[in-house]
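Per-chain numbering from 1; labels A, B, C and D assigned in written order.
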């Protein structure tokens, strides 16, 4: 029987120490501590780890952290939405996003050519420069062959980038596939369409990529998932695991709730009914904004794994 | 200057009357009243209407309402997730979903072969029967041609169904395209993959379908969107409108919040900064579960539009 | 085994019919239907009904509905916060609140002497006029006796009002006590303090009022609670019932969640662990804004109860 | 113009460093960084600091942190709900709360005599022992005088406790008043009532305590508020400041939203319209569970203030 303990501030307190204290604090802090322990366990047990996130997190400064996690061997498979791909490429090619406010005059912003994502701003010109870059990439790819699975295509682009903080860059160099089941749902899609108009035999093969995600793990692998937010990123990773016998370890960090039956809000409990999470799995759901909960939960796990020599360097 | 009015129950009160009273009640009820008025206006003004929803809503009894709205001419374009497609086909071929509870023993459910979506249950055998049906459909389609855009493929399936309460059935018969930008993110994707293993030249062309959604409306059309929940359904519809000069009328009904910068939680205000909603558009965001807010908001709008002779019958 | 049914719009649809259809729709609509049935049942079974709400609901147009419910015999005990008392008196003495917006320039509002409650505005002058009225009331009361329990004091004020849409007016005339455990937490408290400065023997006896709420029901009564939102209103009603053997029927309508352990977000499930809700009770929790869910849920219940001749008139 | 920066894990990372990085991360992490800076600023500027919280936070391990903050001079006035008072006394007299789960069989818990608060459990016997203690305290107080303002009464009890982790203990010894505007809304109220039955002249004077909170600060003081969660705790503190010319610095940490017009969800923006926060004030609202956000935000602030020699020791 575990007992609630009084939290106390200690001078020079580390993240690891705070997350340890969270284990007996209460409510979501307990969940966060458990999530950290599940993340440690999935690595310790040699599970193949799916890391999933949505595009707004790439808009934020979590983007470089995702890249770092790939380089440290904490992500074996990435699933994200196309906005995340686009913004990673923008940042890798020099674009910068601005810290703004939630409460602004949105019409005025629009007139200034600025797009808002919560309290972050993206200038239109970042999109314009992205388009030029993307077209150049597509020409290079098409010169090799006309039919591409999405994850193959993203790997090729990753190899063309030169930014160690880039998700695509690190993924390409560490053989971590990036799956994006709705590749056309963004500016990327528009440029694929324009490109296909000029090259009718150019094909983006999403069905082939379903094979790739199903076969990138095996029935015998232990499998873990760290799902940030909801959307198809989360669903796609869990589906791939389900088709391989289900998942062993799961961590969901989200703001969505389970009361409306959405995939985004579904907890690790609900996942058990789908066989998405195996009966004996270790799982934790943390309700909260991932820009706070994820660095905290993950940094504590990394400290421990580093101590155990389980992180990869270089 | 509008004044808050005291709501009073009246015997035999209709939906239309209640939603009218909501206009001066307060908080989200005011938003719901505005949403209803925006829905009326977009139809009255002859806008092309995008209706977007997520799969959990098709799990629920909103599914037949979506089909009805298509038949009444209230939806010119549908965007949804693949789970919604799958479950519409299941229901159209006789499967029934069960009313359960949010708080259950999920491992026990799993052992009984039952999958949970919030407080609704789907038996495994509904998925098994779906697979047989889907394979038969794919054979018929492939016999016609090997390369299909997603919306073409869904139309063909819709024509093969025989259920007036089916979204695909009504959409196929009313020339309402159904877009599904992540067609592989579900059991559907798994069967496409198995099918492609047997027929290597079978291609699902998502890039072609991006052309279809962009060209299904024109720059000159007035455009409206009714977005239920978030996800790629909402994003994809708004993107297609943006590439055609932006949207004139927008209604968002969602439980997601704007405080984490997610697409699902983005309000109609934020959309202005992206040019997704035109500066002078009419727009309303209602926070709440769509199984309550949507029937209420839309039934009130339908009453008014019926009175004005603006609904299509047959 | 209940089955999900497709919702369909019907011309001239009534509230009662829609809420009936909600019973097989899904997610929160099912909860709302259950809440309506629990409300019917508590009246049918002759339970003493506690109705609790927070001040923002009195700011909204629900205020007149609360008064109506008292007059119809649907509320035997009221528990609310002092802001609700103040605003009911303001409205009863002619003040009007304005429909505004959630997103405004709050500093500009302040300079205009306008206070914001969500998307509703209250002018400063409404508060100023309230103060004059309240002082006059206190003088009249003090002339009778110096020591008052809160509910006695509110009844006296109710008798001095002349507005059938007033909660205090109807409560006073139907012998429905209004409890307000934090009577000083508002402008009311400030004026009590100024009054006590002039009359040192003037006492507001909150401990006496605890006796009143505990004794206003008995151990043998069947007890029901309809709790809108959270806060001390909800807690106080449940506590009074708990001290009388627990509650038989409970309906919670709220936007708060159970994930942070707050009283406001506690569900009817959690209440069982406290003995607040009896083991065999009928209970339902609906997540959503009460300005939408409450009129809907309650109007459907009223229709049924009227048919059964269970509402009181006059 | 501030730019989004990529977050990176660093070995041995401290809380202070992480919260610094949050300043350019995005969404709620930016808000948390701002909240930390506002907390530093209010102390640096010599503001009188109101710290408000709800009872569930005292159920959790934040209780000892609140006591520590009082001893460090980071709280000049406390406002809380009576459940928080009760549980602080329980813990101070040896009771221990248990770490449980959100998803349990609540009827079974009830039969075991265990009460649930989110994922924490409180045994019935803790309440029983509390009652004995409280009666003894009341006898001691009554022997001194029959009429008590709430904050006086709580100070006396605090002086009788012997636990450095107790809020009441530290507050009594540092002359920090504890206000509790609804002192009867809990087991405390029940025992006050039983006591008053035996001693008719025993009076708990809430009106006197309103004077105390209004006069514990002056118009000329700089004033700050750190409000955790909502409820009357938050409202009462802001009201007291408003009556003294408004507040200069405000930090709100909450899970409640502003879309339903509740006090709990009202942001620091809305407070400006009420003059609750002065026009030129520094303010930040962070959405999230306080068991995560508060230790993080506050520990970072304490590190900085310790460096500047602004914390009190002993």
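The rule we apply is simple: a contact is a pair of C-beta atoms (placed from the backbone, for glycine too) under 8 Å apart; a residue touches a chain by one contact, two chains touch by 3 or more.
This one's a predicted model, so the numbers in the text were calculated from it and none came from an experiment.
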Which pair in B-C, B-D or A-D has the same interface as A-C, with over half of the contact pairs matching by residue number?
B-D
Which chain maximises the distance between its CA centroid and that of chain D?
B
Quick one: chain B and chain D, Cα centre-to-centre, how many Å?
44
For the pair chain A and chain D, the C-alpha centroid-to-centroid distance in angstrom is 36
Round to the nearest whole Å and give the separation of the Cα centres of chain C and chain D.
26
Sequence positions of chain C contacting 2 or more other chains:
26-28, 56, 59-60, 103, 118-120, 257, 259-261, 269, 287, 289, 291
If we count contacts the way the header does, which residues on chain A are in touch with chain C in the complex?
26-28, 103, 257, 259-261, 287
Contacting residues of chain A [partner chain D, same complex]:
1-9, 11-15, 18, 21-22, 24-32, 56, 59-65, 67-68, 96-99, 103, 118-120, 165, 269, 287-289, 291-293, 295-296, 298-299, 302-303, 306
Within their complex, chain A touches chain B through residues 54-56, 59-60, 81, 83, 102, 104, 106-107, 109-110, 114-120, 181-186, 189-190, 192-193, 196-197, 202-211, 214, 229-232, 235-236, 239, 243, 255-266, 269-275, 279, 289-291
